[in-house]
């Protein structure tokens, strides 16, 4: 298909409008309205009273979002597919359009993920999310260590306690879930450890070291994030601080030049 | 009404007294005494023994506070209505004077808010509250992100679990309250998640990501506050640190002047 | 009583010995042995087997500690009563000697406080405790704010919920204890708030704001301590950092002297 | 036994291979495969379906690890026994080879500790663990203080509550476990303190101070770690910051040399 100059112009106009401030504000408004409608859908009273309207509005909003996606892609596909947030929007809309049926019908509830588009549309929220995502890599290896600890204790728990306490330690996934609960310290003792201790008197050798190890690693995760943020802040401080010494070096260099000139004059 | 010079003088005197150290101490004393009386009112023994006295004292204190407000406003309304803490006091006193009746009578308990005036009267407490309030804006966008997460999970929870667990997920407000409970990690697993998992085996896909996401955002809230405080502290440190380089610059400038003078002398 | 030179010498010798390294080590050993004996006393098996020996040893240790106190006071009362840790030791020993009888007999259990003397004897532990105590003043006003919040919510809770839930909110002390439990987030929702909400549907206006306010103030307490520590650390860093600029200033001053000398020579 | 040049060469080759990148990757692969096999062993379905294969594979992996140890020791025992991580590996493999029988058979579950070798093989994980271990000494004395607090409250709790609540405070180990649970704030009030308070109305004098003291000490543990990390970071920052002043010093020294040269010339 040949792109005639006129078509190119139309596409540029669309691009400018839909990514521009007016377009952004319209989309933001639609997302907020859609979020409210999706909320109303959970209220039996609202559904009895105006169920048709709510379903209709939801379909209308979805249609508008599909249109938005089509326009955004059509106006400049290269920009669209290079922008992480645009792809994020596309996935969310695609998830909403997908015809869930049979026992996937419960997944229709994922439509609410559309509210997440608030993040991709509001620049400030985008900054917050991006800064959180940036802090994730510093967690990498500490998380790997936590995973190793979880796996070891899950296998240990399943082997030793599995047959007596199938609900908590019946399989590795069940043990992993129970360990996650213990990590959050929720009912770890009265709910889990004391009943287990009644059967296995040495089980405190399982629970207490796990809490120590996992809390300590989690603490290191927190510190990694804090140090990461602080070093960013302190780097910015450093940059402003570097200026005065540089000025001094420049001043001294100027001084050296003067002295060398003086030397030459004396030599004459 | 013409403000005669004498009236203006009286007003200035009142102003000086009621905002001065003696006035402040009297008001502080009244607030503390009133707080004790309001506490005594909750004790059936004290009420049986001296109920009339307690009620009378409380009315007397309220009368004195109303008088304080009237004097403060009358002496200089412009000062009064520009001072946030004065308006805060006025609202608290107004809430106490309001004649609650019928099923609003329970709101009479809000009289205890008068204890809050301790904060507006004690300068040091005011500083603490002001510094806490100042740290709030840094929470703005992270809180907005938390609100988005809460709303999405509340709608999801209400849609999926609402009919089977109406107490916890029956409506969006009920779900929001349950999610707040889960955020505080209180009985999230033994109390909420395990019963839900017995009905919905995949519900861990709801609870575990929610805990991860919300904890992570809350962690960022904490870090935002800590970094905010630390950067204030480090700014103060920077200011004192800039001085030594300046001294160096001054020393070098003096040196340059000397060399230029020397150069001139040599040129002669 | 005249203090003869010989007595003064004896007192100095005793002082030197009991505060010296050998004396300290002996006392440390006695405290550790006494701690073990006090622990054994809680074991019915140990008491049946060697009850007389344990009681005897405990009395012997107490006698030795009383002797230590007497010697320390006698050797130099002025040093003793000016040293906070010595007075701390004296109070602990006095509490152990006091003849508890009747329904005070339970207080005999306080003898275990003698283990605390480990802190006053081990120099490193003393440093840790002193640095913790030094960080307390920074908590002052934030704690006062927390106290105001606690008092307001305790009176409010007692007034509104007191009659229906006497165990939790029956009196101000009961409410304060319940609020402390809520502050630690222990069973606040499933244990306390949900039962209360069943009777008072608007009670979430009591619990959720209390958790927000108290958590926020507690967070500020933590930050106050962290910032306090960090500013101490950063002060030390500052001191070492000031040195290099000073060296530079000295170097520049030396340079200036040279140039002035040069100038004089040229002037000749 | 004489080490002929050929044998020495073979040993060097083996050493190079088994500690080299290829050897490391093979071992890493074996550990991961072994971890999966150990996980499968906990699944009754997998054991019914392929129990013989799983047991066989596990034995094979263990054999390979024993071979790895033998080769590593044989190729250069001095390197092996000086490397903490190599000794760590040896202990883990030794624990797996040990023939647990009778009522030690449960300890066979410790084979899963082999997953820990992931840490000793992956360099990045090793760095994380080493940095965590390095931060431990800063906890030393604060932990000693916590131990003193735990011991005092354990003896106190056992003496006072032991006979009425034998499950929680029946012996010093039981009290220590209960205090650890209270330290984590798990069910401390609804689960432990309120039942105890029903029997001992003054027991809040035990629980509330314990929570205050232990939380405060734990907070100091956290701060010790954070300050420790931050001072490491700030030390690195200091080092980079020292450079510019050094440049200045060098520049000034060059300047001084020039001026001294100038002086000599003028003196001529």
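Observations on the model:
We just call them A, B, C and D in the order they show up, numbering each chain from 1.
Definition applied: a contact is a pair of C-beta atoms (placed from the backbone, for glycine too) under 8 Å apart; a residue touches a chain by one contact, two chains touch by 3 or more.
It should be emphasised that the depicted structure is a prediction, and the values quoted were computed from it without experimental measurement.
With steps allowed only between chains in touch, the distance from subunit B over to subunit D comes to 2. Of all residue numbers used where subunit A meets subunit B, under half belong to both copies. The two sides are thus made of different residues.
Subunit B and subunit C have Cα centroids lying 30 Å from one another. Averaging C-alpha coordinates per chain places the centre of subunit A 42 Å away from that of subunit C. Touching of two or more other chains is recorded for residues 185-187, 191, 226, 230, 234, 241, 245, 248, 252, 255, 259, 262, 266 of subunit B. Arrangement of the chains shown, judged by which pairs touch: one closed cycle in which each chain has exactly two touching partners. Touching chain pairs in this entry, ordered by label, are A-B, A-D, B-C, C-D. Across the interface of their complex, subunit D is touched by residues 141-142, 144-145, 148, 151-152, 155-156, 158-160, 162, 171-172, 185-191, 204, 208, 211, 216-217, 219-220, 223, 226-227, 230-231, 234, 238, 241-242, 245-246, 248-249, 252-253, 255-256, 259-260, 262-263, 266-267 of subunit A. Those residues of subunit D that touch subunit A in the complex are listed here as 35, 38-39, 41-43, 106, 109-110, 112-113, 115-116, 118-119, 122, 124-125, 127-129, 132, 177, 180-181, 184-187, 191, 222, 225-226, 229-230, 233-234, 237, 241, 244-245, 247-248, 251-252, 254-255, 258-259, 261-262, 265-266.
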